[in-house]
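Chain naming follows the written order as A, B and C, and within any one chain the residues start at number 1.
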Amino acid sequence: MHRKFSEFLIEGCIRLSGVLCIGFVVLIFLFLLKDALSLFGVYSPAKFLFGTQWLPVSKPAQFGIIPLVVGSLYVTVGAILICVPIGVGAAMFIGEVAPQSLKNILKSLVEILAAIPSVVLGFIGIVWLGPFLKTTFHLGTGMCGLTGSLLLAFMALPTIISISEDALAGVPRAYREAAFGLGATRWQTLWRILLPAASSGIIAGVMLGIGRVIGETMVVMMVTGNAPVIPSSILEPLRTLTATVASEMGEAVSGSEHYFALFAVGLILFIITFIINLIADMSLRKARK
Amino acid sequence: MVNATAIIKTENLQCFYGSQRVLHGLNIEVVPNEILGVIGPANSGKTTFLRALNRLNALNPAYRQTGAIYFEDQEIRKIPDNLLRKKIGIIFALPQVLPVSIYQNIAYGPKVHGITNKAKVDQIVEEALQKAYLWDEVKDRLDLQANRLSGGQQQRLCIARTLAVEPDVILYDEPCSGLDPISTAKVEDAMQKLKAHYTQILVTNNTKQAARVSDRTAFFLMGELVELTDTNTLFTTPKDSRTDDYVTGRFG
Amino acid sequence: MRSVQRQQKIAFTILGLMTLLFVVVPILLTVLYIIVNGGKAVTWEFLTQQPRNGMKEGGILPAIVGTIILITGTMLFALPLGILSAVYLVEYAKDNFFTRLIKLSVVNLSGIPSIIYGLFGLTLFVGFCHFGCSILSGTLTLAIMSLPVVITATKEALESVPQAFREVSFSLGSTRWQTVRYCVLPYAIPGILTGTVLSLSRAAGETAPILFTVAAFYLPRLPRSVYDQVMALPYHLYVISTQVPNMPLKLSFATGFVLIAIVFLMNLTSVFLRIHYRKKKTW
C-alpha cells in the first residue's frame, strides 16, 4: 500500500534524525581526535600539554599549550569576576525589584545584547575600548587581556542574567510566603532566602557562562593582542586557545605538524567545554527538581 | 457463561500503571447492540477498563497489562492500533473538539482513513450529524469554529465525529459530566437511538443515568468487577451487598 | 523597624544603579555607537556596489549577498533535520537511556565553541568530502551549529500542543505519523518559525565557523554555484578592522551597522511572529 510505505519512509527519517544528533557529537570528537593523534605520533603529548613555549614556526617547532591555557584562564577568570556580580545583581533587580513595565524593557535590552554579533564587539574593542584602556591605565598597548575580559564579561551577561532570573523565579512560592509571613522585608527575603535557595541554579548559569567565555573566539582574537606567551598580568597581550586556532589555521599547511597541533588544541577545547557543559546541565536539571 | 456472540470479551485482564495494579483479573463480556453501563466510585478502574478496549492506555508509557481482550473473537493485540480504534470509538468526559470548524472536525476521521472525495465527505458529515442529533442545529453554519458551540453541542459533535469513521462499538467516558440536564438528555436520547446499529459502553459516575440508559450494568469497586447483570435487577435486587450499598448511596 | 526599611531602600537602589550603569548604559551606548558612526556612511551606493580599492572604497554588496546566501543554505539544511529530530524526541522516543543520550547530545552541541565547528567543517566538509572552501561546506557547518536551537525551539512548540489533540486523533484511528502531521505539527508551526528565525539570526553573525569553510575576503564576482566561495559580513568586518591598513573607519562602522541591522531585523521578526501567533491562538 502506497500510503503505508511512504509513512514507513518518513518514520524512518524521523528516527534517523534522532540518532544523527548523537552522531554529530561523536563525529566531531572523532575527527578532532584523528587529527590530534597525528600530532602525538611525532610530538610528545606531555610536551604538548605542559610545554611553556608555543613557537609553531621555529625550527624545531614547539607546541606547548601552557601559554595558551594561561591566556584563556586569565581572560575567563577576569570576565567571570566582572560579570557574575553584575549579572546576578541585575537578575535580582529585574526579577524582584523592577515593576512589570520596567522589567519588560530591561529584558528586551538584555535580548538585544545577546543578539550583538561577537565580531562587532571585537570591532568596538579595537576602535574604542582598547585605546581607552591604554590611555587610562598608561599601558603599552590597549590590546591586552583586560580588554578581552571586559568584552567577554559583557557578552556573558545575558546568559548569567537570564539563568539567574529563572533560578530566582523558580524558588517555591512557599519560601516567599513563609518569609513575608514572618515579617521580613522584600530585601531580607531576597538576600537571605531566595538567593541561597536559587544558588544551585545560579551556579549552573555561571558554569554555562564560563563555557561560553572559554569558547569565544572572535573577540579575543581581535583585542587581546597576539602574544602566545605567558603574560605576567592581565594588562599584557596574551593569546587564548580559541584565538590560536582561528588565527594560525590560515597559515598552517594542511597535513603539517602545525596543522595537527591546532587540531590538538581544538580537541582540548572540546573536552574542556564538554565537561563544563555537562556539569552545568546536570546542575540545572537538579536545580529544576 | 461464555456467550459465543459477545462482541467484546476480556479474559483475566489486569492493568498496571507502573507497579500499581488498577484492575484485578477482569472477566467481562459485552453483548452486541446493548448499552452496557459501568458504574462505581472513583478509582475503581472504570476508565482504565474502557481505555484498555481501544488501547488508548498504551499511550501512557507507564501502562502495562496482562490477560487478553477479544474483539469479535480476535485478540486485539493482533489488530493494528489504528484499525482497532476505528472500530471502537470513544467519547471523552470533556468535549475535546479540535480547533477547526465543525465540518473539519468531522471530516478529520474520514481523511486519515483515506476518504478525500469532497462529495463523499459532505455526505458522511451530514449523516454523522444527523445520527448525533446535531444536524438541524448546525446545518447552515458548518464553517463555524467548533469551540464556539455550547458544551452539549460540542459533545454531540464529538459523537458525530466518532460516528463518521463507522465504528462498531462506541465507548463513553463520563460524557455528560460537564453538561447541563437538557444537554445530558439530548446525549442520552442520541445513545438510545444509536442502539440499533452500535454497541455502546457507558462509564458514568451518575448511577441514575446508568439506570435510565443502560440495558445491563456492571458495578466496579477498587479494580474489581463486583456484579454484572441487567439494569433493573442491579438496582432493585443486587446479589452483592457492596452493590446494594453503592446504589442506595450508603457510600460513593 | 525603620532601619530595616532603610536597608532595603539602600540595597534596592544599589541594585538598580548597578543595573543601570553596567547593563543598560553599556548596551545602549554600544548600539548607538555603531549606529551614529556608521549610519552616515550607509548609503544606497554602499549597499549595492562592489568594493573598490582594496575595500577602502565602494560598497559591500557581495558581503550582503553572501550573508543572505549563507542564511538561506543554513535554513535549508538545519530546518528539516532539526524538526524531524525534535519530532522524534517528543512524539516517538521512549523514555530510555538512548533517548537521554540524544538529549544530552543536543545539549552538548549547543555548548561547543564556534571555532570547533569551524575545525570540524574544515576537516569533514572541506577536506574529507572534498567540497573545498565553498558555500556547501559553510552552510553545512553553520547548519550543524544551528541544529540545537532549532531542535529546542521545535521541542517546546510540540510540547505546548495539548495532549488532548493527540488523543482525539488516535481515538479516531489515525497512525502516529498522521497524528503528528495533521494534529500536532500544524499547531507547532508558530513556535518552530520563531525559533528558526532566531537561530538564523545567530548564524548570520557568526565568523568562526566560516573562517576556513567558505569565507573569502575579496571575490571579483558574485558566486555562481554552491562550490564557490562567498564574502560574508561578519568576516568582512573582521578583516577590514584587523588586516587592512589605512581602512577608512567610516566604512568599517558602516559594515558593522549593516550587520547589526540585519541581525536585529531578524530578531525583531522572531519577536513579532511570537506575539502575532499568540494573539491568533484558537486554543
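Keep this in mind: a residue touches a chain if its C-beta (ideal position, glycine included) is under 8 Å from a C-beta of that chain, and two chains touch if they have at least 3 such contacts.
These numbers come from a predicted model, not from an experiment.
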Label of the chain whose CA centroid is most distant from the centroid of chain A: B
Highest C-beta pair count, chain pair: A-C
Centre-most chain [mean C-alpha coordinates]: C
Between chain A and chain B, centroid-to-centroid distance (C-alpha), Å: 56
Between chain C and chain A, distance of the C-alpha-averaged centres to the nearest whole Å: 17
Geometric centre distance via CA averages, chain C-chain B, whole Å: 49
Contacts with two or more other chains, residues of chain C listed in rising order: 175, 178
Complex contacts: residues of chain B adjacent to chain C: 54, 56, 59, 61, 81-87, 89-90, 92, 96, 98-99, 108-109, 111-113, 145, 147, 161-162, 165
Residues of chain C that touch chain B when the two form their complex: 94-95, 164-175, 178, 182-183, 187, 282-283
Touching residues on chain C, where the partner in the complex is chain A: 4-5, 7-8, 11-12, 14-16, 18-19, 22-24, 26-28, 30-31, 33-34, 81, 84-85, 87-89, 92-93, 101-102, 104-120, 122-124, 127-128, 144, 147, 151, 175-178, 201-202, 204-208, 211-212, 234-235, 237-238, 241-242, 249, 252, 256, 259-260, 263-264, 267
Residue numbers on chain A that touch chain C, as the complex places them: 7, 10-11, 13-22, 24-25, 27-28, 31-32, 34-35, 86, 89-90, 92-94, 97-98, 106, 109-113, 115-124, 126-128, 154, 157, 161, 185-188, 191, 208, 211, 214-218, 222, 242, 245-246, 249-250, 254, 262-263, 266, 269-270, 273-274, 276-278, 280-281
